[in-house]
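Two complexes are shown next, each including subunit A; its partner changes from subunit B in the first to subunit C in the second.
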Partner chain A sequence: MNMLTVQDLRKSFGNMEAVKGVNFSVEKGESYGLLGPNGAGKSTTINMITGLFPPTSGEIQIKDINVIKNPKQAQKWIGVVPQEIALYQSMSARENLKFWGRMYDLSGSELEKSVDQVLEIIGLTERAKDKVETFSGGMKRRVNIGAAILHKPELLIMDEPTVGIDPQSRNHILETVKRLNGEGMTIIYTSHYMEEVEYLCERIGIVDHGQLIASGTLSELRETIGDHSKIILSIDKDSSNLDGLAQSLTSLFSEKDIQIQDHQVMVFHKEPQLILTDFIQSVAKSGTKITSVDIVEPNLESVFLHLTGRKLRD
Partner chain B sequence: MKFLWLALKDLILVARDKKAFLTLIMMPLLLIAILGSAFGNMMKEDEEVSIKKFTLGVVNLDQGQLSKVLTEEVFSKNLSKQIAVKYYQENELNKKIQDHELEIGIVIDKDFSQSLMSGKGTKVQLITVPDTVIKATIVQNVIEQFSRSVPIEAFVSQMSQPVQAGNPGGIDIESYGKKPLINETTIDAKTKPVSSFQYYAAAMGVMFLLMTVVQGVSTMILEKEQDVFNRLLLTNLTYANYLLGKMLGLMVICLTQAFIIIVGTNLLFGVDWGPSVSGIIVMTFAFVVNASGLGVLAGSFIKTEKSFSVAGMFGTQIMAALGGSMVPLYVFPDWAIYVTKFFPNGLALQTYLDLMSGAAFSKILPSIGASVGLGLFFFAIGLMRLSLERRGKYA
Partner chain C sequence: MRKIWTILTLQLKEFFKSPGVLVLMFVMPVLFSGIFGGMTMNSEQNKPVVNVVLNDTEISGQILNLLTKEHHYEWKKATRQQAEKNVAAQDVAAAVVIPDDIGERILASEPLLDIIVQRKSETYLALSAHLEGTAGLVLRSYQATSKLEADAFPKVLETIANNKGVTVEKQTIQKETKTNVEASLLFVGFAIMFMMFGLSGAASAILEERMGGTWGRLMVSPASKLQIILGYLLAYFFMGWIQFAVLMTTMNLMFATTWGKLTYLIPFVSLVILSVVGFGLMIAGLVKTKQQASAISAVLIVSTCMLGGVYWPIDVVPDIMQKIALGVPQSWAMSGFKEIISGSLHSATLVKDTLALVGFSALFFFIGLRGIKFE
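What follows is the complex of A and B.
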């Protein structure tokens, strides 16, 4: 059964079309990632799905409910982690969680139990009594997530929940999300960090300029760039003869698979192990000093680069 | 029930916001201190006034009998302890007052009696030097009481009786003077004059609460631009609950302030808010419902905090001015006083003044009803507006 179906979703702000006809669906129990650079239209899409504002046109269905006609009905099932920290800073973590739980109609021992559980999940049981304003960015983000899962939503929608935090908190959050998904919660996760969606999401949609330019599983997306890995040799520039180097390389590989920069020489290839020694030898022969060797598996970054000609985080 | 938690949350936020909390508690105290230093001296004067006699200049152009009852019976006899009556020609009186030889005078119109008897109201002109609010209030109160309590029917029936010998005028001034209704007009009976300090304590207090409402609504609009508001919209919270919670929080804050102002002026400066404690409590509550309702209404119509701040500031000033917080209501014509009752603060101030001059709880019930009713009406429109806006978006 589909948890969410989005059909030809569009949104304009004045003359600006922020979302230009997006289609996708998410199955129950799945974790779906929306990957795209800043300004791609991820938040706008998410805000329409959660019923915060209606689309200019298109259809959104969560389970069997039409979100546009009946947002309140759909909102009961979903938990939303907004991109910004939406908490009361002068209240403690526990006070915040209790407040938001009450807004979802929890009360009494059910509320207490849920708050305790969530504090456990987000790893803040010890700091529960401290005011949110005294927390680090990462801890605030964790409370921000906690407030969305108190009512045990079937669908958890997270809009860039790890922006601007330390690696430790980020790992904690990623593990938490993975665990929730493992327990059966359907997840929609937006990010401009490809590592996050690669780690978390079974299926991924790549968004750019308001459009879904590719979607599929990670390996399906890799296929779109021919599944090429990248071998990177870092070189000592002073010792190199770049022209000679280029010549000897073109005799081995096709020109479009070669990239030469100041400190790096790169080759794209489907099976890097097979050509690695040839590659290194020909570079060494040209008199260039190699300082390191790196093999990068095809990733979403290269997929995005391939599709748009730009890097994800320009 | 969610509105209760929402209100509680708002109160917690205010209580933990040092600046907001200080403004909430300190401002009323400051206000009291300022009022105290401004009117502290006058307080003593007030006490003297009620003992010290003052002269009332009277120009009586009236041909009828009622003016005689008013001047000779009420002012000269019943109020002899407080007022000495002196009769003048009209231009004489004007000159005396202009020269400050006399502080207060009345001109009784030539059809005063006739007008009163035909139920058309009082035709008396009050002329004073500036700054005699208290004396003016006393005289005005007396005249108003008098005209209200003239039992017109009694006169009419008496006059329709055949003229009897020995009573050619038809009206027996002597016997009329003994009627109890005249006693009601004396100062030491039920109606007490309201002192300047009392007047301004009520007027400023009312204005202050109005400003607190504006402040609260500004916060409410500001909140709409914040992320927590969007998050609230995604929960099971309904608009009715949201607005109710906002209004309740605002009301608790206003009531706290009102409590500080009323108890503070009373304990620190002896301002008498009238004998009816229940009246003061219930009227304060009713006023707060009215003002917060109006505030929530404005808050649901106005989109940006900036435009609200401007509108709120002007609105408050205008309402405060028209409601009698800046210039005493006594200088307003009757119809204007009537109109100001449609402002939360105008109605509240007039009711507080009534209470201060001794009105019983039962007498202010209409004001309480009107105040609460208007507040609920404002609230309902605000709620309708919010849900229509939402529905419009999703149409």
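What follows is the complex of A and C.
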């Protein structure tokens, strides 16, 4: 059964079309990532799915509920981690968690138990009584997530939950999300960090300019760039004879797999180990001095580059 | 219901936690009504001095007793010469002469008491009314005792003077309650003014919550929009009532201030607070940021409070201003409070005040609820 189905979703703010017809679905128990640069339309998409504002057009269904017609019904099942730290800063972590728990119909001992559990999960049991405003960015982010999982949602929707925090908190959050997913919670995770979605998500949608430009599992996405690794030789430019170099390389590889820049010579290939020696030798023969060698496995960054001609983060 | 309560208590806690709010809601009204009230108090303490010229007959003595029943003047004996000099130098407001030939004047139906003033000021008008009253009293007492023994006349005067002479004493009581009502009204007025500041500040915190994300998070929780907005509005209503109840009770305990019949006061205060909540909501709905809200509300609150008779009674301003005052809710609130606190409870006035406030509240809520963005 699909946990979430999104059909031809569109949203305009005035003349600006922020989301331009997005389709995807997420199965129960799956973890789905939306990867895209800032301003791609991730938050706008998420905010429509959570029922914050209605789409200009399109359909959203969570389980068997039409979110646009019946948002309050669907909202009981979902936990939302907004992109901002949506907490009452002058209240303690515990007070915040209790407040948000009550908004999700928890009360009494059930609420207490669930708050204690969540404090444990986010690693803030010791600081529970401290005001949120005294917390570091990472700790605030953790409470922000904690407030979304109190009622054990079936679907957890997270909008860039790790923006601007220290690596330690970030790892803690990623592990927590991975564990929740392992326990059966369906996850939707947006980010502009490809490592995060690579680590967390079984399926990934790449968003750019309000459109879903590619989607699939990590290996499916790699296929779109032919699953080619990249061998990068850094060279000493003064010693190089670039024309001669290009000539000797075209005798070994097809022209579209070669890139020569000022300080770098790159070759794309499915099995870099097999051609590495030949590649280095032919460069060396042209009299070019090699300063370093690097092999880059195909990743989402290169997929994005391949699809848009731009880097994920500028 | 539980969600409404949860939101309400959170908002209340956040609100009263701030020391600034406590000063604004509780200290400022006391301070302001102290300052503005003190100005009228002072002018009362400087009672006008009136010289009395009299001989040492018993009748003169009793007439003096009658005169001094009026506490709004300071009565000082003087010789005729001194008195005339004092009046000329404006050291005293006036001088009253109890003539030696008072018996003959009674028989001849001439004015009993002479008054010496420099010009016919307001003091003169008020004083002469008092003198006429006293003279009338003396005359009637004389007529009543004319057929009796010779010393019956001064005895009757003495009785009147000692036994809370009806007319005079009654006047004094009325005057005193009147000034009390004015002081209470001033206090209520400033309580309302600072409540307007406090509550419009609280309501515009919604704008900050929208930026901060907690508003959005509430919207995507299973709590309905109705529950959420009710939680906020009830919180503001409670904030207003807490301020009012604390201030009124304190004044009652410390200065024995009375606030009129509670059966009238409580519903009317509720209505006034409702319109203040509406006002705050309207401001929050009309602007984009909390800074804009506080700038606009400061201007609106101070100007409408001045127009509406919070700083001074509305009857002292020119007619045209009194007409303009009808356009601001404070004038209706103050008018209603006057009826309730003075105890006159004139029902036609109260009904009008109530209807006007209901109208203003409805307008404010309409504008406010349309302006608030639920996303």
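Just so it is clear, the second predicted complex is superposed on the first by the 312 of 314 C-alpha atoms of A that agree within 3 Å, B and C clash if a C-alpha of one lies under 4 Å from a C-alpha of the other, contacts with A are read in each partner's own complex, and residues count from 1 in each chain.
The criterion applied here is as follows: a contact is a pair of C-beta atoms (placed from the backbone, for glycine too) under 8 Å apart; a residue touches a chain by one contact, two chains touch by 3 or more.
On a predicted model such as this, the values are computed, not experimentally measured, just so you know.
Asks: Is this a clash or a fit when subunit B and subunit C both end up on subunit A?
Replies: Aligned through their shared chain, the two binders clash on subunit A.
Asks: When the two structures are overlaid on chain A, which partner does A:88 contact: first (subunit B), second (subunit C), both, or neither?
Replies: So A:88 meets both subunit B and subunit C here.
Asks: Touching A:53 in the superposition: subunit B (first), subunit C (second), both, neither?
Replies: both
Asks: Does the superposition put A:68 against subunit B (first), subunit C (second), both, or neither?
Replies: The first partner, subunit B, only.
Asks: Looking at A:273, would you say it contacts subunit B, subunit C, both, or neither? Reply first, second, both or neither.
Replies: After superposing on A, A:273 lies clear of both subunit B and subunit C.
Asks: Kindly classify A:38 by the partners it touches after superposition: subunit B alone (first), subunit C alone (second), both, or neither?
Replies: Neither partner.
Asks: Answer with first, second, both or neither: which of subunit B and subunit C does A:102 touch in the superposed model?
Replies: Touch partners of A:102: subunit B and subunit C.
Asks: Under the contact definition given at the top, report the residues of subunit A touching subunit B in one complex and subunit C in the other.
Replies: Shared contact residues on subunit A (touching subunit B in one complex, subunit C in the other): 50-53, 71-72, 75-76, 78, 80, 82, 84-88, 90-91, 99-100, 102-105, 147.
Asks: Going by the contact rule set out above, which residues of subunit B touch subunit A in the complex?
Replies: Answer in residue numbers: 2, 5, 9, 12-13, 16-17, 226-228, 230-237, 393-394.
Asks: What part of subunit C is in contact with subunit A in the complex they form?
Replies: Result: residues 2-3, 6, 10, 13-14, 17, 212-214, 216-224, 375 of subunit C touch subunit A.
Asks: Quick check on the complex: what are the subunit A residues that touch subunit C?
Replies: These residues of subunit A touch subunit C: 47, 50-53, 71-72, 75-76, 78, 80, 82-91, 99-100, 102-105, 107, 147.
Asks: Write out the stretch or stretches of subunit A touching subunit B in their complex.
Replies: Touch list, subunit A to subunit B: 50-54, 68-69, 71-72, 75-76, 78, 80, 82, 84-88, 90-91, 95, 99-100, 102-105, 147.
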